[in-house]
Amino acid sequence: MVKLLEWQGKEIFRRYNIPLPKGGVARSVGDVSRLLGGTVPLPAVIKAQVRVGGRGKGGALRFANTVAEAEAAVSDLIGKEFKGEKVQEVLVEEKMPLAGELYVSITLDRSRRKPILMYSREGGVEIENVADEQIGKIWIHPSVGVLEYEKRLVANRMKLPAPAAKELGGLIEALWRIFRSEDAELVEINPLGIVGDHLVALDSKIILEDDALFRHPAYQHEGGEMTPLEQKAHEKGIAFVEMGGDIGVIANGAGLTMATLDIILENGGRPGVFLDLGGTDDPAKVSEAFAMMGEAKPKVVFINVFGGVTRCDTVATGLVNEMKRNPPAFPLVTRIRGHNEKEGMAILRDAGTQSYSDIAEAVRHVVQLEGRP
Amino acid sequence: MVKLLEWQGKEIFRRYNIPLPKGGVARSVGDVSRLLGGTVPLPAVIKAQVRVGGRGKGGALRFANTVAEAEAAVSDLIGKEFKGEKVQEVLVEEKMPLAGELYVSITLDRSRRKPILMYSREGGVEIENVADEQIGKIWIHPSVGVLEYEKRLVANRMKLPAPAAKELGGLIEALWRIFRSEDAELVEINPLGIVGDHLVALDSKIILEDDALFRHPAYQHEGGEMTPLEQKAHEKGIAFVEMGGDIGVIANGAGLTMATLDIILENGGRPGVFLDLGGTDDPAKVSEAFAMMGEAKPKVVFINVFGGVTRCDTVATGLVNEMKRNPPAFPLVTRIRGHNEKEGMAILRDAGTQSYSDIAEAVRHVVQLEGRP
Amino acid sequence: MSVLVDGSSRILVKGITGHQGTIHTRGMKSFGTNVVAGDTPGKGGTTVEGVPVFNSTQEAVDATKPNVACLFVPAPYTKDALFETVDAGIPLAVIITEHVPFHDMLDMLYYAKANGTRIIGPNCPGVATPGGAKVGIMPNVIFQKGNVGVVSRSGTLTYEIVNGLKEAGLGQTTCIGLGGDPVPGTTFIDALELFQNDPDTKAIVMVGEIGGVAEEEAAAYIKAKLDKPVVSYIAGISAPPGKRMGHAGAIITRGRGTAASKMAALTDAGAKVAKFPYEIPSLVKESLR
Amino acid sequence: MSVLVDGSSRILVKGITGHQGTIHTRGMKSFGTNVVAGDTPGKGGTTVEGVPVFNSTQEAVDATKPNVACLFVPAPYTKDALFETVDAGIPLAVIITEHVPFHDMLDMLYYAKANGTRIIGPNCPGVATPGGAKVGIMPNVIFQKGNVGVVSRSGTLTYEIVNGLKEAGLGQTTCIGLGGDPVPGTTFIDALELFQNDPDTKAIVMVGEIGGVAEEEAAAYIKAKLDKPVVSYIAGISAPPGKRMGHAGAIITRGRGTAASKMAALTDAGAKVAKFPYEIPSLVKESLR
């Protein structure tokens, strides 16, 4: 999940001719006077470029009537942290006189297996907080796109003045083209401002699909809303989630990894790390995963492998090799079933880890090792 | 039907990144040295830009090893006529060393109501002269386009060297995008040259759809393979075809106009002009059509109207008004049936034209007036 | 009986507030057709010829439950109007509009097919079932209820022929105008199949013209599947190759689509082929004997 | 009886010459599956594990008449391979490939639907009918012929569960892996419908996970239409919202798709919901009593 920063999203909007406020990115206070003396008129809005939501309430948005005010705001914002995310860039934009704020987005409706266009006159707040009856929905046939009559319908329901109604059709078409051509999971404009009789995209939210990044190499190194460790694992292609607790789980298969963490939770343990080995039995990959787990500093790690496609013995070999190279700072419990299960268990026992066949038994031992009262 | 000149088609090819020989258009001998001294290397091919087919046999293609030879060829070609079409422009292009000539095109298969991709290793001749088993065909779903595996298949069957095989995929994609985005009836490359291991489009043939020209205003004033009068009528939006004989027919509806000409032919008359009034009963339009007919100088004109949507009396009024303004140089026979038929016949008879209700009778009179032995 | 439309048809006229839409709504109503609604964006709430107008097809459908749409929409907007019709779940769309780009029609055809809507047209005069309903622009006075099914690619020529049938005492079950475009929504074969399955249709008149091979394909269908007599006429024996004879679809290309080829195929299939349109009634009478 | 695949299934392996394609062709054959062909462009004329390889699907179809395709094609080429499969008229395509962009899958889904091909997957372990055929990558040893239908969004977890069923003496009719992607070709409802119509399936095990609302929709289907017992398990009760738990589809967004919601819906629909996967066999036994 690649979540673009506001200014990155707006760069894409610009390429698709979506109307934007005049603005530019400042990476230091020194950039401000250049921007405000050049393309961006005052008064200005200064927006910290962070991926976390709720910037308005969090103090990440500032207003400035003078260059000095703007510089003060930028100076204050750069380096500040919002929900753990450090500000490195701010967007300096002209402040526009708003006659209204709308919402429009395109995303995937998994239930109907179709893209969905959502729109509302209640823009400017998180869409989750808008009443369902205030949100219009249009499902889109993927090979047909948004139809002209549907665009007209949306403009009518938004009760827009004529010039804005006309612009909205083009803007929806642009969103659709971004959604498809950029392989987005979500393209959202919130708020879509009404300025006079015209539309201006005041914010951007674009989430790109990981699996399609091979078509968009420019965004391959962008992140999502991930912890630094998750980001690191993501770059290595390891499915890795930090969950707050002390117990790390390495399993093969997302379902099995989740189920293992669930069993731990139900047995009174605190899930700490989800690490899915996937279908691999490549010792190098196993070692890498193991090293990632180490960085999360769990109190205890439980390895649960069902060897179907994956062979238990090669997984075990990978683990043991890694343990030899970097002896773990945590106790390890393993449970291994399936293809070459005896060989795998033997390899692990020889290396000194506790190895089970029964999962309930194994989990009870893991929770015991976590050692909470 | 807008048939683009070779160089116009190649301008479109260039926009879609189809590889072309280096070349430029000369409109006078003076242009030649500029082209050959600049972007176009010698030896060169000089090609008269005319819409009629069979340029190779007709002497419209020349070769030049020196600037002087090229100038001589251009001087000879400009102003020359090929099948009645006067040369105003020539295309001067580098002559490329060919390893082979292929054929590829996309057009509409009316029978399957799908676009069709046709390809052959036997390029360089008119595709009509290529044996059916030498032509590969792939039908294209309009909202899906040419699939990657199909492009691979074509390249395999064309037995291309690896670099050309890869290029062919992109080239087919470009043809498809031209076909759809430019609203073409036909996009053809013949010959598609193999130069070394690469492909080069040596000729272009693009026919655009009249009905979609509202989306392509740049081509609205281009012509097809039409006579000057047909072209003039076309620009006025009148369905008008010159057929070589002496009898002009004005009728309402394409089917009725054709049927009327057929009846004339079967009765020994020589069809001269097809003019379909269409569904109009606007006197101004009728007058305009009538004036067009006059320009074709027919020996006799037969007007056959069935008033269903069109009212016979308004059609008659239009005709009579035009006859008053510009008394026709030919005898006129009318046959009028349907909505307000009596009023229409009365108006025509009052104006002195012979008016019938029975078509066979009317046609016999028309053929008699044509006065051939 | 009849095909496609009858007394139970409920017609929505798309583009009812335009000149053509209004005139022909009047014509359909005086034929006895149940025109239940019209739609034109921005004109919702008004009426035309007593028919309520809605802003969108969906609104019209919700309020009046039409099962046939008749499109009088300018060519550049026809594709959108057809998609709207399909999305509203209307199973039959009759497109009168001329000059619809065939590229648009390809999109329309596949979208409609995938979603269960049949298209008639574009560039067609519509469909009429005497005593039932008329959808489109055919003149009212030419029809008479009877047992001849008529299907044609042309307009005015068909009116002449239907009028000729009436004058000879031959009524019609349904008359279908397929339209003169290269990509018709409904083909001769589709229409022949409908007539084949209609017990009241005892003979079929098929009016073709040059261009394409739809008549040849129909001939193959007639030979293989049809057990009713067919009288046919093909316009364009005098047409020169390469020239577009009024209809976008009426063009002989690369030696294909000549009148001679069509006539030969139909004769071979056992259809009676009229040399002149006015011969059709007597050939039909012969067939019905 | 069984669903989707059985002893009459003839399998084409697309991408047979790749590492995974080769390994799993061997696995399928040793399961007793009739693998009739493979295809890889440029590798036509060779054999893999005794299976003839063709350059294109059409060639493979012409020569060997497969009725199931199993795709081991790298994600960037999967869409094209699926279109080729559909164009060749193969009615069932099992897509093992992981990381297929959902935008591609949308195109694939609608193209396949329009042309009569069912997709299973992508990112799935395949389908297995013990005693009949296995298509995909599930381990052979876990299965036993019987009367429990299994359908699941996950891979390894399902192997554990099927293995547990076997150890408890509960055989399976067919085991269907739907895959962990947000746009699956076949849904829980589709699979439940298949099992509902299979007389040999006496009980159904349904293994879901967080993300989307497919389990809730399946619950509505179970309540309304299904008259066979369902035992279900949902993975991810411990998953935090907003995090993608390995599978592209396993993510709780905007409060939707939680394990609690799915479990509640299934309980309400009358399904037995297991707290732990290893409870499933005893719940199935209870259901079959």
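Read from first to last, the chains carry the letters A, B, C and D; within each, the first residue is number 1.
The rule we apply is simple: a residue touches a chain if its C-beta (ideal position, glycine included) is under 8 Å from a C-beta of that chain, and two chains touch if they have at least 3 such contacts.
What you are looking at is a predicted structure, and each value in this text was computed from that prediction instead of being measured.
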item: Pair with more cross-chain C-beta pairs in contact, given B-D and A-D; value: A-D
item: Most widely separated chain from chain C, with each centre as the mean of CA atoms; value: A
item: Distance from the mean Cα position of chain B to that of chain A, given in whole angstrom; value: 55
item: Computed distance of Cα centres, chain D from chain C, in Å; value: 47
item: Averaged-CA centre spacing for the pair chain D and chain A, given as whole angstrom; value: 28
item: Chain C: positions in contact with at least two other chains; value: 107, 111
item: Touching two or more other chains - residues of chain B; value: 141, 143-144
item: Chain C residues within the chain B interface of the complex; value: 75-76, 98-104, 106-107, 109-111, 125, 137-139, 141-142, 152-160, 163, 180, 182-183, 207, 209-214, 217, 233, 235-240, 242-250, 254-255, 259, 275-278
item: Residue ranges of chain B in contact with chain C within the complex; value: 1, 108, 110-111, 113-115, 128, 141-143, 180, 183, 185, 209-212, 214-215, 225, 239, 241, 243-244, 251-259, 261-266, 271, 274, 276, 278-279, 306-310, 337-339, 359-360
item: Residue ranges of chain A in contact with chain B within the complex; value: 143-144
item: Touch list for chain D against partner chain B, complex; value: 41, 55-57, 77, 80-81, 83-84, 87, 107, 111
item: Parts of chain B lying in touch with chain D, wherever the complex brings them together; value: 141, 144, 147-149, 152-153, 156
